[in-house]
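Take a look at the structures below.
The same chain A turns up in both complexes below, where it pairs with chain B and then with chain C.
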Partner chain A sequence: MKVFRLSQTELDNMVQQWSQNRRVYRPAADRQQSAHADCAPGWERVAGSAPLTMAVGPPKTSVKTFLFPQPETMQTFSLKSSDPDKALMKEPEKLTEKQIVAGLRPCDARSVMLNNLPYREDPFYQANLARTVMVGFTCSAMCATCFCDQVGGSPMGTEGLDIAISQIDGSFVAEVLTPAGEELTAGLDLAPADDTDINALAARRAASPQVDSAKLAALKGRDLNRLYEAPLWKPLGESCINCGACTFNCPTCYCFDVQDEVVRGYGRRIRYWDSCMFPLYSLHTSGHNPRGRKMQRTRNRFMHKLKYFPDRYGPFSCVGCGRCVQDCPVNIDIREVMSDLLTVE
Partner chain B sequence: MPTINEKLTEEIRAKAKALLAEGTVAAVIGYARGSLPMTVKPTVVRTADDCGKLVWNSFCVLNLANYLPEVLKSVEPPRGPRDPKPEGPLPKVAVLATGCWSRNIVVQTQEHQVDRDRVMVMGVASRGMVSRRKVEANFAGREILAVEELDHDLVVKGADFEEKINRWSMVRDNCHTCTHPDPVLVDVRIGEPASERKNPNPFQQVDDIEKKSNDERWAWFTSEFATCIRCYACRNACPLCYCPTCFVDDAKPQWVGKSLDAVDTGLFHLLRAYHCAGRCTDCGACESVCPMGINMRMLTKKLNKDVLDLYGMEAGMQPGSPLPLTTYATNDPQKFIVTEAGAVKEGE
Partner chain C sequence: MISYLPYPVRIDDIVVETEDGNLKTFKLVFENETQKKAWKHVPGQFAMLSLAGQGEIPIGIASSPTEEGHLLFTVNRAGKVTTALHQMHTGERMGVRGPLGNGFPIDTDMKGKNIVIIAGGFAVTTLRATLIYLLEHRQDYGKITFIYGARTPGMLLYRDEMKQWAARGDLDLHVTVDREAPGWDGLVGFVPTIAGQVAPSPENSVALICGPPIMIKFTMPPLEKIGWTDDLVYLSLENRMKCGEGVCCHCNVGPTLVCKDGPVFTRTQVRKLPVEY
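After this line comes the complex of A and B, so read on.
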């Protein structure tokens, strides 16, 4: 593994150099700028020489938008009677152009790995994963809403990143972790980090909040199925307005719906984000809805993240970024739900 | 000296407790403390003992009328879809209501969503609710860990700062322009009544957008809604939105596309706003709950202006009268009807 030391200027130059022949995205500095047609809400394409500075905590919207775009074209077709290929489903042109996401946090990087568990055979996710290089910033401070250490992550974690950049005493130490990361740094005139930097980074990592294994094990050890009818769900369901603010901004919510859109005889089959908070999500063709009540939908979000997903794949489907906590209009706080689930009988 | 809100909180707790203890109501809809600074949790209290968790402060931005139909239903004795309505009066529900929320209860009554006889309105005069987003923008780049509310100031605290800011300067835009802070329905009064506020032009923000050229207005519209993620928090926070199936969820016919295409997103917002025409009380819940900070309220505010201009009406201000757009009067203005003469005149 190569480790480099960069000043703010060197870091900005490096990002700028990448942006000359690749698409590089960063968290948007302000809301209006993120309106680029090729870009997800909350992110902007790097153009020009604006310095890359990171606010404390994760960016407003998560990295999932690059791997699980909203919407994604799965197939295209023509409905023109003059077309010999009428109604024939075709694969859309494959996107292979590399994109660099610069400025994600360890929580988001970890979410890419977690979503890769259910999506390991999903050709669309895999194609996006293969063409995306992730350059992240470790966290020297946590927000009041951050809780990565309670769900199996760490503010100094590097899982899922190609390059991890840590700020040490006003300059940056970049750890190049994967071949994709090496490709990005190859040929650049970068100064290797010396032992002092590497020791400082190791010390920072050792001193940072570590995974709270005891709490993790305690919650995993709980039989949440037994709490399916627990009274704690009722007030949650009653206050929840069943919007998708939590699920859409959640990096580890990966549900989608599929629909055909036809404009002037040409169609595309798209998949777009869906949310288990919406009644339509679980509505059957018969008209029956197994999660017809608000409380059932609210409960499902937590049960999926804390019970069904770990039962099937191991880890919780939550990286502790705190976006749902910040964005929930009615202050439903997953940390409170987790501690209730630990204590309630 | 307790603050205004501390006194209101005490009064709310005491009166809610009495209503529940004497069996006047089966539930009280109010707010409980939130887990983050500047947040509160909408809460339904069903026992007198639970009333201690009710709070009142400047961060009660959600419209509690939104919960009323569902909570009313929840206190009814359970019955099947074809069972007859039980005899005798059904249990009542008390709800905290400011000026705009009480006007929404009027609209809900006019639209037969709520039985007025079953609602006990605990009326609180609003002093204007604070926009969490404005406070956060004021401290951009610094994390707010606690906000203490005084009568006219907010004390904002972080890890390494503590600053006092004027409360009114952080109040939401809709509360700034509001002229009816006092509830129009009051069954149980909380605190003192407030008089009507004077505002020479509550529609200044709308006027500013109207003054723009077509191109500028289009630029405003496209950039304002560009970051929408279609989470529908605006729709779900709105007490006017109670259709069993929303037009965006209809599949046959499909009125609006599902992706983040600017046309679909724009159409959703325009249609949502039009569905609120003549019914919106400018409570600001839609704007307050938007995770992306979109000012979609400008659309409904424009329609409120039009309804006031055309029909001289403000939603929920005339409890006895029908809603302006669901009734017909022979003297209704008909400027919108395009005539040949009008078209020629327009083209000149």
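After this line comes the complex of A and C, so read on.
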């Protein structure tokens, strides 16, 4: 693994150099908005020489906007009667253009790997994963809403990143972690980090909050039906208004809906983010709805993240980015739900 | 890697199955010879029927893998896609994606056993596929009991075929309707009642039950009375689905995905799940 030391100017030059022949995205200065039409709120495309600065906390939209964009075209078709291929579903051209996401945080980077568990065989996600290079910024401070350390991550984590950049004493230390990261740094005139930098980085990592494995294991080991029947869902379901903000902003909420849209005889089948908070999500055509009540949907979201997903894939489906805590209009806090679940009789 | 691309198929034949006209059986043939040859399914599996511009719906495969060269789907007109499908004509193109799900354990738990099939209403479709398969491999299975009921004689599916099955003599066929009807000289009574009267002992047997939840609920007590246990009973669940490949999450029942882990489950498995189906 190569480790480089960069000044702010060198960092900005490096990013600018990348942006000359690739699409490079970074968190927008305004974390809620985006100055560019092709970016989701909180992100912008790098153009010109504006320096890369890292405000504390994650951008409004999670990194899933790059790996699991919406809408995503699954197939195209024609409905023209004159067309011999009428109603024939065709695969869209595969996207291969490289993109670089620069400045994402370890929580978002980890979400890419977690979503890759259910999406391992998904052709669209895999194609996007293959064309995306992730250059992350580790966190030297945590927001009041951050809790990556409580769900298996770390503010100094590198999981999912190709290059991890840490700010140390006014300059930057870049750890090149993968072949894709090496490709990005190859040919650049970068100074290798010295022992002082590497030791400082190791010390920072050692001092960062550590995962409480015992607590994680305790929650994972709880009986599913016991948690499902727990009394806490009732008050939680009463306050939740099922707005879906938590699911849309969540980097590890990965479910999708599929719809056909047709304009003037030509159509496409698209998928886009859905939310288990909505009654339509589980509604049968017969009118029967297995999760017809608000409380059942609230419960499903938390149970999926903290029990169903771990039972199926291992880790929690949560990276502790805190977006759901920040954005919930009725102040539901997943950290409280977690500790309540640990104490369920 | 998953492919979400439906195979192009043509509607080769359409049969109106029921007196209310709401159930039609679509016979579909593949446009592409390679795809036709590659298609292999197990009774109990389902597929996504795709209508360009309308969407996709998960429907149980009504034909047996032994009926080569085409696929049958019996579809109830209920929502957007099924309504559009009911308006389609022979010769038109649509799509099929699959086969999806696990299917009945024809080669494992069912092999060499006596098979009891209990069906209510139009849930009989994948059980038709199963029965045809069993009859084609008659020597691999023991006694076969087929119990099927609908509200009225006119609501029974596959009536012509049932006459042929009745004439075979190598299966025990019990077809019933809910109440007396003119011209009906067969059994009268609800499926649970008939099942209680004719079901054999559970010894070396398995049961496959598909029907409305209320039918399944009332069919179990008479079976339990003669010794049937949950592990011998196979059910097929259904839930709203989008991908059918265990990715989109729509069909989850707790940690279980109906599309991928099911749709066929033993009753023992179903009882461990939250009631979200």
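The definition used in the following text is that the second predicted complex is superposed on the first by the 339 of 345 C-alpha atoms of A that agree within 3 Å, B and C clash if a C-alpha of one lies under 4 Å from a C-alpha of the other, contacts with A are read in each partner's own complex, and residues count from 1 in each chain.
The criterion applied here is as follows: contacts are C-beta pairs under 8 Å (C-beta built on N, C-alpha and C of every residue); 3 or more make two chains touch, one makes a residue touch a chain.
These numbers were taken from a predicted model, which means no experiment stands behind them.
S.K.: Classify the contacts of A:290 with the two partner chains as first (chain B alone), second (chain C alone), both, or neither.
M.R.: After superposing on A, A:290 lies in contact with chain C but is clear of chain B.
S.K.: Once the structures are superposed on A, label A:118 by its partner contacts, choosing first (chain B), second (chain C), both or neither.
M.R.: So A:118 only meets chain C here.
S.K.: Under the stated touch criterion, which partner chain does A:307 make contact with: chain B (first), chain C (second), both, or neither?
M.R.: In the superposition, A:307 contacts chain C only.
S.K.: State whether A:298 touches chain B only (first), chain C only (second), both chains, or neither.
M.R.: Touch partners of A:298: none, neither chain B nor chain C.
S.K.: Of the two partner chains, chain B (first) and chain C (second), which one does A:128 touch, if any: first, second, both, or neither?
M.R.: neither
S.K.: For A:224 in the superposed arrangement: first (chain B), second (chain C), both or neither?
M.R.: second
S.K.: Check the residue A:259 against both partner chains and state whether it touches chain B (first), chain C (second), both, or neither.
M.R.: So A:259 meets both chain B and chain C here.
S.K.: Identify the partner contact of A:276: answer first if only chain B is touched, second if only chain C is, both if each is, neither if none is.
M.R.: After superposing on A, A:276 lies in contact with chain C but is clear of chain B.
S.K.: Could you say whether A:86 touches chain B, chain C, both of them, or neither, answering first, second, both or neither?
M.R.: second
S.K.: What is the shared patch of chain A, the residues that chain B and chain C both contact?
M.R.: Chain A residues touching both partners: 257, 259.
S.K.: Quick one: in the complex, what on chain C touches chain A?
M.R.: Contact set of chain C toward chain A: 1-6, 8, 50-56, 78-79, 82, 92-95, 238-240, 242-243, 245-250, 252-255, 272, 274-277.
S.K.: Show me the residue ranges of chain A that touch chain B in the complex, using the header's touch definition.
M.R.: Spelled out, the residues of chain A in touch with chain B are 31-32, 34-35, 41-42, 55-57, 60-61, 70-71, 143-145, 235, 238-239, 241-245, 247-249, 257, 259, 261, 270, 272-273, 275, 278-280, 294, 325-327, 329-333, 335-336.
S.K.: Quick one: in the complex, what on chain A touches chain C?
M.R.: 74-75, 77, 79, 86-91, 118-119, 121-123, 126, 224-225, 228, 254-260, 262, 267, 269, 271, 274, 276, 281-286, 290-291, 296, 300, 303-304, 307-309, 311-312
S.K.: Hey, which residues of chain B end up touching chain A in the complex?
M.R.: 34-36, 39-44, 62, 66-67, 70-71, 74, 141, 143, 145, 222-223, 226-233, 235-237, 249, 257-260, 288-289, 291-293
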